[in-house]
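Take this structure, written in structure tokens, and hold onto it; I'll ask about it next.
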Amino acid sequence: MSDDLVISDLAAGYGHQSVLHDLTLRAEAGRLTAIIGPNGHGKTTLLRAISGLIAARTGEIRLGAERISGLPAEAVVARGIVHVPQGDLLFPDMTVLENLRMGAFLPAAARQERTVLEEVYTLLPKLRDRENQIARTLSGGERRMVGIGRGLMASGRVLMLDEPSLGLAPIVIEQIYEVIAGLRRAGRSILLVEENAMRAAAIADQVHLLDHGTLAWSGTGAELSGRPELLETYLGV
Amino acid sequence: MTAMRRDLLLCGLFACAALVWPMISDMRYSVTQTTFFFIWATVVVQWNLVFGIGGIFSLAQVAIFAIGAYVTAMLGYYLGTSMLLAMPAGAVAAVAASLILGIACLRLYGPYVALLTICVSQVLYVLIVNDTDCFTNPPSGCMPLMGGVRGFSRFGDLGFRDWLGAGFYIGNYYVGLLLLTAAILFSIVIIHSPMGLAFRALRDNPVYAAARGVDRFRYQLWIFGLSAFFTGLSGAFYAVNTGVVGPVVFSFQHLLFLLSMIVIGGVGTVWGPVIGAAVLMLADEAMRELGDFRDIGMGLLLVACVVLMPRGLTGLFQDISRRLAKPAGTEGAR
Amino acid sequence: MDVFFQILASGLTLGAVYAISTVGLALVFGAMNMLNMSHGALMALGGYMAWFTMTGLGLPPVAGMLVAVLVCAGVGVMIYLLIAGPMLHSEGFETRVFIATIGFGAMLESVILMAFGPQPKPQPLAVQGGLSVAEVHLPVQNLLILVLAMMLMAALALLLQKSRIGRAIRATAQNRDAARLMGVRVGMVYALVLAISGGLAAVSGITVSSLSSLLPNMGGDPMLKAFIICVVAGLGRVPGSVIAALFIGLFEAVVQYTVGVRFSFASLLLLVIVVLIWKPQGVFGRHQGVRL
């Protein structure tokens, strides 16, 4: 498909430390691709390299026909890749509504701000009640919803979610995953980083396992469910 | 310990070379300028301990220097105290002032320290310059308590004039050399001591160091107070050497000149400030002819160094020697 | 009672003057953690540009104000391009940019000194005359400054709260990475913030010199006072610094009347030290994460 996100021979890192190397993988358009892997093996780094927050050292990242590696972060969003970062990174002194509106900052998204805001409020009704609350004072679950809502406001082509369940109570995780499942049914392209392999296997079309910054295994969610030994080797579960 | 040995050896070599300098250079001007170099280098070597090692972005060093100078001059002027007593008294006063200042601002977040300390020295300057109430009325005219705009002169010297006659400046030269050598030795010891290590730990991993019981505030106060001793002493010696102390020593230009020495030489190293002091004094000398362009040149030099050479001249030397030591090509492969 | 109103009036004028210079500093620190130590030199530059346009070229006051603001805004952008921008992502940015802007300010001041000489000059962009209301004497110039300050603050608040570019500035200040992920070009934001701050410095230089006179180093003291106000408010708190500026202006007026002009700066400093011992992050400041 023309809108696949393709990563080839990617290397990236911080300062003298190299985190990702020889990483090649593909996230197909209209499907949910999950990245799993142990803590600190480069999942967040991968998303940061895709969204342009850090530079790729070698290799290439393409969205469809267009090469996006080498572009600064603000140009990558403009190409339709939306990154909902780990830890939410909200604007702490803005209200919920202002945070959401920041999601539609770019002109293309700003034109449909009103309609998309209604869609986001339908998907995450709690945000409507909290509209005027300062983000700093939100609970962890509410923050996560604002983070996801803000990402949806950009109406991008690919949505990258970094550990949306991190640090939440099981019941809130259920709510968040229902939203993600809804997005998947709606045919959105999603790249999901998830710590919990079984949850990823349950929802993903395709799963990639990262180990020490490189691809260790790929397969469908169903295949992963049938390979408990994989999880034991790599994730120790 | 090898790094410490090397630094001690370098310090010895430096002192020996400096010992013979007045004998081979018969120009009075170059000897007196070198004496000033000793004074400024002492100040910046100590400032470097506070800023580069202690991680305290303090701009009070110039004020502490000035306090040492003023106390020495005032003791001599008002009480006729011998300079041999007045100088250490000036240094002790500087330590006391720095401790009070340290207690007031060391718990604050970095930039606040810089702003507060710069304000303190500016306020002292304003208070001295605007003081017009006469404290005494000598024949030369009204004398405010702190000397006012004119400052103090004729408050005594170290006795070299009686002893060496016209060659008294050579006596001052050796006192300055002694001062700088002591200051460098002190800096070497601090940098390689457990205290220096504690600071490195604090800088590299503050959370871990704090968990291991390294009390940042206490260490900072120590280094702040200890370094003030040599800073104050160099101020006292400056007073004796020049024979006049005026509010100029508090001025912003003066602060800028000294700050440039540290930054251009290289923050946080033993030799960076010494090299920086030498380079800036030479640059100042070279630009003397340029008149008004001199200040512009000095400002430009500082800006260019901060932007282009973040680790100063010593950092640049290190990078160059590392690149030369490595066979070509390995750098790019990383 | 007249004395009370007289002090109130001069305190508010001082506060208004301080507010204009403080807000620019606070904006820059809030957006990029940068203490711009060349702000004082920019103030002097603004004052002299107005003088040059009006006295030197004989143009009307509006042109004087406009030229001053534009030139200083341009120098602000230059500071970003040549100094702050290149070191933005490097270690020790806060200290390095502090030192570099001290150097830049000294340079700018020397250039002004060379171009215009060391003698004080009168600021032509000032209004003579005064109003007497119930035995309280008010120079028109002071009233004008008060009105100007209020208009500028309102305009700035409107820009920050309501405009797209204002939202970009606030977003960048609150979380740089997140702002980039929203598509904000933070380089542009930084350049713009320094330009706005430069423009405000020009206006503040004009007001300061209209109350005294033009000198190449006229910006030094007001800048340090502006920084004191920033520290009292908490660095980077823009609305808080306006309140703090008015308060400090009143405080200084009271001190000048009771103790004497000589001690106004010293007592300000004493006040700051007391405030910081009581609240180490400033009155409106908030503790910043895990900074130890």
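List of remarks:
Chains here go by letter, A, B and C, matching the order in which they are written, and residues are numbered from 1 within each.
Keep this in mind: a residue touches a chain if its C-beta (ideal position, glycine included) is under 8 Å from a C-beta of that chain, and two chains touch if they have at least 3 such contacts.
The shown structure was predicted, so the numbers you read here are calculated from the model rather than taken from an experiment.
If you sketch which chains touch which, the chains link end to end in a single open path, with no loop closing it. Chain C has the C-alpha centroid lying closest to the overall centroid of all protein C-alpha atoms shown.
This structure's chain pair with the greatest number of C-beta contacts is B-C.
Separating the CA-averaged centres of chain A and chain C is a span of 42 Å. For this pair, chain A with chain B, the centres built from the Cα atoms lie 53 Å apart.
Computed from the mean C-alpha positions, the centre of chain B lies at a distance of 31 Å from the centre of chain C. On chain C, the positions that touch chain B within their shared complex are 29, 35, 82-83, 86-87, 90-92, 94-96, 98-100, 102-111, 113-114, 220-221, 224, 227-228, 230-231, 235, 261-263, 265-266, 269, 272-273, 276-277, 280-281, 288, 290-292. Those residues of chain B that touch chain C in the shared complex are 57, 104-105, 107-112, 114-116, 118-120, 122-123, 126-127, 130-131, 206-207, 210, 216, 252-253, 256, 259-260, 263, 292-293, 295-296, 298-303, 306-307, 310. Every residue of chain C that touches chain A in the complex is listed here, in rising order: 164, 167-168, 170-171, 174-175, 177-186.
The touching residues of chain A, when paired with chain C in their complex, are 51-53, 72-74, 77-78, 82-83, 85, 89-94, 98, 101-103, 105-106, 110, 150, 154.
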